[in-house]
Each structure stands twice: as C-alpha cells, then as structure tokens.
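In this document, chain identifiers A, B, C and D correspond to the written order of the chains, with residue numbering beginning at 1 in each.
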Amino acid sequence: MAMIEFSVVPIGTKSASVSQYVAQAINIVKKYEGQIQYELTPMGTIIEGDLDLGMEIVMKVHKDLFSDEVKRVVTNIKIDDRRDKDLTLAGKMKSVMEKIK
Amino acid sequence: MAMIEFSVVPIGTKSASVSQYVAQAINIVKKYEGQIQYELTPMGTIIEGDLDLGMEIVMKVHKDLFSDEVKRVVTNIKIDDRRDKDLTLAGKMKSVMEKIK
Amino acid sequence: MAMIEFSVVPIGTKSASVSQYVAQAINIVKKYEGQIQYELTPMGTIIEGDLDLGMEIVMKVHKDLFSDEVKRVVTNIKIDDRRDKDLTLAGKMKSVMEKIK
Amino acid sequence: MAMIEFSVVPIGTKSASVSQYVAQAINIVKKYEGQIQYELTPMGTIIEGDLDLGMEIVMKVHKDLFSDEVKRVVTNIKIDDRRDKDLTLAGKMKSVMEKIK
C-alpha cells in the first residue's frame, strides 16, 4: 500500500482558472472507488492503495488532459511508499495528531 | 493571498517513522492561527494567507527541524499564487466540487 | 516525447548521505541508454523520451531501492509533456539561453 | 550552505511556451553571481549558497513574474539542507559519480 499525491497543470490555457481540469481528473479517479481510497485537497489529489494501480490512474489522468486546447501538461507526483507497516490516509493523520500538543 | 503546500523530510533518522517531525512542524504553524489558515493533509501541510508570512513560517519549520540527531532536511514547497481573484482553501475546493459530475 | 525529472529519498537510513542510492538509481537508468536520453543534476535525474518507457524506468528505480535496511522511499516525479512540438533536453536549454540577456 | 531547486510556471499564458519566463528568472538569478552558485537544468534552476539569500532570490523571481498578462504563478521549490558537511553542486555530483559502476 502506497500513498500518491499528484497535481496536473495544463500550460497555455488562456484562463488562470484550472478547476475544470481538476474536476476532469477527479472524475477519472472516482471510477476506481472501491479499489483505492482518495482525498481531494486544495493543492492536489491523494490516492491510497496499490502502487501500480495508483500510478496507472495518475497516468490516465495526465494523458486525458490533452485536447485541442491543451497541448502541454505538467504533472507533479509524490509517492510515499512504506513497507514495514501499512500506510493509510487516516493512519498517517492519526499518528501526527497524537503527537501534537 | 497565496496558498503554500509544504512537507519536511529529515534524512538519516534511523527510523522510517517521521510523524514526530510533522507534529513538530504543526506546533509551529499553530502559533500563527488567526493570521493564516492551515490544513494538515496526509502528505503535507497547506497554509493559506499572506505570501511573505506563509514563507516565513515554512522556513521557520524547516530550520527548527535540525538537531543533534537531524543533520539534513529536505523540504518541498509549492506556492500557488493567484492575483486576479482570492484563493481560499474552501473556495478552491468548492470550485472543483461544482464541476464534478 | 516527454521530460521526466525524478528523485528518490530513502527514509530511516541512519546516515545523512544518500549518494549510494542515487548511484543505484543511475545504474538502472543507464541500462536504457539508446532508448532514452538522461541527465544527472545535483538535485535529481532527468529522462527525455517516450512517456510510458520513462515512467517504467522511474518505477523500477523506486522499487529497487527497498531492501532490508530501506523500508520507506519517498519519490518525487515531475512530468513535462508537450505535444505541439518536440521537447528535448538540449532544445529546452537552447530556447532559454537565446532569451537571456 | 544549502541547495535550492526551483521552477516557476505561469498559468493562463495563451502559449504553451514558457521559455521567456525561465529567461526572466535567470536574469534575476544572474545578478547574484559571486554570492551564490547556480545551474540551469532543463527542468528548473538550482542555487547553491546561503539558505536565506537563496530563498530571497527565489521569492524575487516568483514575484517578478506577475504582469498584466500573468495573474497566476505556481512555483515549486525543493530545499536540500545539510549541516554535517558542505553541500556543493560539484561535490554532490562527484559523490554519486564515484559510486556509479
């Protein structure tokens, strides 16, 4: 089980607003509900689940963004992969919360 | 008003667990409550507020992590700075949510 | 043709030095010489070539880092994918250099 | 002495080409020659030197990009700060090169 955070930024879109592209990304991620957990943050999307499946989803989102209007996409991905114990979205938060004064 | 996502990773810490360092970071960020908004995600911390103040906080967190045990810190920062309209944690989420089917 | 920059950071390695892990990564990337171009920078590795092949290499590097000593790996990946014209390591640099005073 | 890699991406620029903005960034960094070392890579700019001065330069570049045409800038920054021994652009490369077969 790994955790993958990613964000996609289309370049050369005329408008400074990119929320429609984020929505397009989430609509793809949502199709995998049941197989992975995901969370939308104000700065990206976090997927928790099998590493290969997670990366397959991220790459699908990246490729799906290209269109007649979008000719360039910059995608940032951060993988946090821990194999000595399970990483879960809830577990990571809980572990930090317990240590905050 | 800008949005800043950051994560700090101490290198060479013997243990694979870094939640204590994340908690240390949050305890610093919390001192600025009222001046900035912040949100803890499973992959980092997001600050919303004045760009210079936000960066001052991030750099304070980065520097605070060094100790006898921690001699190297890798910090990732992503700034999303939009000046044609206000960026807020809630507003960014709302704008995406409205566009999701 | 896409450009992929990546860096791998093992967490919990006792030592603050990670150059052996970077070398381990490069040794994997080098096996693909001829199929992709690559460049080592002081902060990561940049691959230029087919997107799917490039990502396959990055994921191979990520997975290869795990061992008895390394139980957690944080990998950062940035994809710059442009489809209206060819992106090459040399071309991107040249384009910027021409515009510098 | 720290190492700082950064890249700036203007959002909503009509064109998919951003090399003019990278050149604009380099022209600012160049003014600090003598105080810091820097290196342009196909994916960003790497500064080596005093942490506070380096971050001051990065923030100057970020702010300088805003104009009538550019209303949103996404800046990614990665700080690698090691205090048990000096980090230099040349030293990091050398240390890896020696370990590559």
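Observations, loosely collected:
Here is the rule we use: contacts are C-beta pairs under 8 Å (C-beta built on N, C-alpha and C of every residue); 3 or more make two chains touch, one makes a residue touch a chain.
Fair warning: this is a prediction, and the values are worked out from it, not measured in the lab.
Sharing over half of its contact pairs with B-D by residue number, the repeated interface among B-C, C-D or A-C is A-C. When the C-beta pairs in contact are tallied for A-C and for A-D, the bigger tally goes to A-C.
Rounded to whole angstrom units, the spacing between the C-alpha centres of subunit A and subunit B is 17.
Subunit A and subunit C have centres, each the mean of its CA atoms, that are 20 Å apart.
Separating the CA-averaged centres of subunit A and subunit D is a span of 25 Å. Each of residues 11, 16-17, 71-72, 74, 76, 78, 80, 82, 84 in subunit D touches at least two other chains. Of all the residues in subunit B, the ones that touch subunit A in their complex are 3, 5, 7, 16-17, 19-20, 22-23, 26-27, 30, 39-44, 46, 48, 76, 78, 80, 82, 84, 89, 92-93, 95-96, 99-101. Subunit C contributes residues 9, 11-18, 71-72, 74, 76 to its touches with subunit B in the complex. Residues 11, 51-52, 55, 59, 62-63, 66, 71-84 of subunit A are the ones touching subunit C in the complex.
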